[in-house]
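Take a look at the structure below.
Naming follows writing order (A, B, C and D), and every chain is counted from residue 1.
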Amino acid sequence: MLDRKDIAKRIAKELKDGWYVNLGIGIPTLIANYIPENVSIEFQSENGILGMGPFPYDNEEDADLINAGKQTITTLPGASIFDSATSFAMIRGQHIDLTVLGAMEVSETGDIANWKIPGRMVKGMGGAMDLVASADNIIVATSHTNRNGKSKLLKKCTLPLTGMKCIKKIVTDLAVLDVVPGGFKLIERAPGVSVNEIKFATEGTLIVEGKVPEMKIN
Amino acid sequence: MNKVVKDAEEAIQDIKDNATLMVGGFGLCGIPENSITALVHSNIKGLICISNNAGVDDFGLGLLFQKKQIKKMIASYVGENEVFERLMLDSEIEVDLIPQGSLAERCRAGGAGIPAFYTPAGFGTEIQGGKSTKVFNGKPHILESALTADFALVKAWKGDSNGNLIYKGTARNFNPVMAMAGKITIAEVEELVEPGELDPNFIHTPGIFVQRIFHGKTYEKRIEQRTVRNK
Amino acid sequence: MLDRKDIAKRIAKELKDGWYVNLGIGIPTLIANYIPENVSIEFQSENGILGMGPFPYDNEEDADLINAGKQTITTLPGASIFDSATSFAMIRGQHIDLTVLGAMEVSETGDIANWKIPGRMVKGMGGAMDLVASADNIIVATSHTNRNGKSKLLKKCTLPLTGMKCIKKIVTDLAVLDVVPGGFKLIERAPGVSVNEIKFATEGTLIVEGKVPEMKIN
Amino acid sequence: MNKVVKDAEEAIQDIKDNATLMVGGFGLCGIPENSITALVHSNIKGLICISNNAGVDDFGLGLLFQKKQIKKMIASYVGENEVFERLMLDSEIEVDLIPQGSLAERCRAGGAGIPAFYTPAGFGTEIQGGKSTKVFNGKPHILESALTADFALVKAWKGDSNGNLIYKGTARNFNPVMAMAGKITIAEVEELVEPGELDPNFIHTPGIFVQRIFHGKTYEKRIEQRTVRNK
């Protein structure tokens, strides 16, 4: 079973040189720490920056330079700053090569729910609905099951949707899966995790073809 | 074309109860602190606020929620605010949540005379509601309408008396599109200069979109998530 | 009868302090020479500039600084430069206080034709269709009749339209007229021009109420 | 993220016959002179060109008309060009005229993932054609669709190897919106610098919109209407 860092490391392996990437809050944010060598990536944050750098050194933080998680950040050489409409022009116009975000539920038809739990205080969808509706290449980074042990990979989402038929790839603590016609296709198993364990943790249809390789993290 | 007013009080003096306001900023970054303070000191009530966020308990728009001056909030994300949460649970405030990109584009559209446009964001979700839909290139879209406001309150780094504005860093965010969409746009700036001091080639918001401008006296610039690394 | 300069002078009297104004090619361009004292005006050109100044001095012209008529220009202090989409956001979004343009024909319902003559080479509408469809306050600057002596103020336009029901005010070499329900309402006569002469030169319905004053040019 | 190519020839080498190109510039101001020259020296034919104007007889896109490399022109104004006029009268070229503001906004929409939007421009004229219409606030509008292109050729003043661009004066015009709308955007610049040399706060076109960039060797910058006054 992978921890949060391992999920981030596995997703980092998907990064290709020259990509522009938008990372959501939580596990996705960690991916920036594991960029493969010889791969140049520029990170976009939807509040209006391309070329985000690491957190600032103590006492060098600038209140006028934050990311979409409201954290203080820095810029790298070649960065650019723009308004919110231009930022979402990049997102909606599919100029972002990869979007990684978390989820509460994903359905086997690629629906995603990650913004609202009925009965609980609603905080809002922020940029998530634009991101999932627009991006051509989205990876969901999530635990396979929730805190109560219930599967997050479902036949049908039970929570209000963030987007419909938009998720194509999921990396969990147990597996890498593609959303294909018919269900979740198992691509890789986490080290030491069996296909049966994954099947058990997946409420939606799991498609297993041939021998499923173990994923390589490092 | 001198648009300079003395201070925030003078700038907001004709904002009436039940006015619709756009308020620039993302979280607490780039918010019009002085205009908000002036509103808090006024007794204006029943405001409809369009802003990406709702501030925090004791800063930003949160100050207006404490005094129950806002009756409706139109935003994309309203977390991190307990006062707001209580008002919402007690149904003392109406909330309209809009995907962030649609919010930004709807403001721009309002300023650009585009009454409606199609976007894929929110299709198949409760955001779609009764909105008209159409498929383009095999992908379903929903028709979103323009947003405008009686007043837009924006904050810039530098500005000239013509109303030309330059923002700093990610404090830019929603400010330029809201400046476009306000019937009366009130800009507060950290530095107010004479026409000719700002390079025409590097103006972020042309003065035509700004009706009033003033030098903001104080900026706290509170940081929500101070995140640093060690040397 | 007014000459081109006089038409420009008469329209210049309509300018109010603090206005943003877009001037078309021809007579409208001349208006910039007759701005009343104590009136501060900023001129917009739809290729992307606000705060246009006079033509440059000889040898100071900059190929990267032109107006929509492709003439070399200068900027005044407080000018700003922007892209074409932002420029038409100003126009379509009704941020421009006054638009002045020429016309081949205007109808008594406010239609305007000024871009195309069937059988002749078509050059294109440029920004004219956006300007007339968007502007709240448009003045047409034109001769009352064309080269063949035919009225340009018609019951109905015969040429392909540039815009429909959008013109509210016309200043010609003979008169100032408002487009009102029912026809062209005569507001002022050119010095020495009689109501009958104007009636004779107007094919559309001319509405004359009471004594029509002579316009003041200077 | 190095997007630098050697020259215009390398930048345009994979443009094929019948490609759709957006070409920045207004009149002869801010046109991608080097990319156009490289196209003229190529034997690429059947091009569909989206550009505000059609150049003059012997400069700008006019050079491509002379060699009959363009089969269709999408523009707002095509005057001042006799070669173009003859091709048009002889029906050797197809022309689609679009109101200038709609042209600019349709390019931006193409780049911004907005498939269609409403504008009042052209309602009640032959431009309306069979387009769908809708009344907003009592005013009729027509639905205009987004424009995109296989390649966008743009010209900037300064650029860095990341593709960030800064334009100079009114040579900006259509370049930024076309840069957004090109599947592959080729930028030529007068000055090519390293990342970090351009202030992130004053970038006109963020590098994400640019796929290739090169230093333009020569710029004639021909003036169409040289208009001066006496000292």
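Heads up, the rule we're going with is that a residue touches a chain if its C-beta (ideal position, glycine included) is under 8 Å from a C-beta of that chain, and two chains touch if they have at least 3 such contacts.
Quick caveat: nothing in here was measured; it's all calculated off a predicted structure.
Between the interfaces B-C and C-D, more contacting C-beta pairs are found at C-D. Separation between the centroids of chain A and chain C, computed from CA atoms only, is 55 Å.
Between chain B and chain D the centroid-to-centroid distance comes to 33 Å (mean Cα coordinates, whole Å).
Note on chain placement: the centre of chain B and the centre of chain C lie 36 Å apart, centres being C-alpha means. Centre-to-centre spacing of chain C and chain D amounts to 28 Å, using the average Cα coordinate of each chain.
Counting partners per residue, chain A has 49, 81-82, 85, 88, 91-92, 134 as the residues that reach two or more other chains. For chain B, residues that reach two or more other chains under the stated contact definition are 105, 108, 112-114, 119-120, 168-169, 201. Counting only pairs that meet the touch rule, the chains in contact are A-B, A-D, B-C, B-D, C-D. By the touch criterion stated above, chain C contacts chain B in their complex at residues 18, 20, 40, 42, 44, 49-51, 75-82, 85-86, 88-96, 134.
The part of chain A that touches chain B in the complex is made up of residues 45-49, 54-73, 81-85, 87-88, 91-92, 111, 121-130, 133-134, 160-165. Across the interface of their complex, chain C is touched by residues 26-30, 52, 75-79, 85, 88-89, 95, 97, 99-105, 107-108, 119-127, 157, 168-177, 204, 221-231 of chain D.
For chain D in complex with chain B, the touching residues are 105, 109, 112-120, 134, 136-137, 141, 145, 166-169, 201-202. Partner chain C is touched in their complex by these residues of chain B: 1, 108, 110-114, 160-162, 164, 180, 194-196, 200-201, 203, 206-209.
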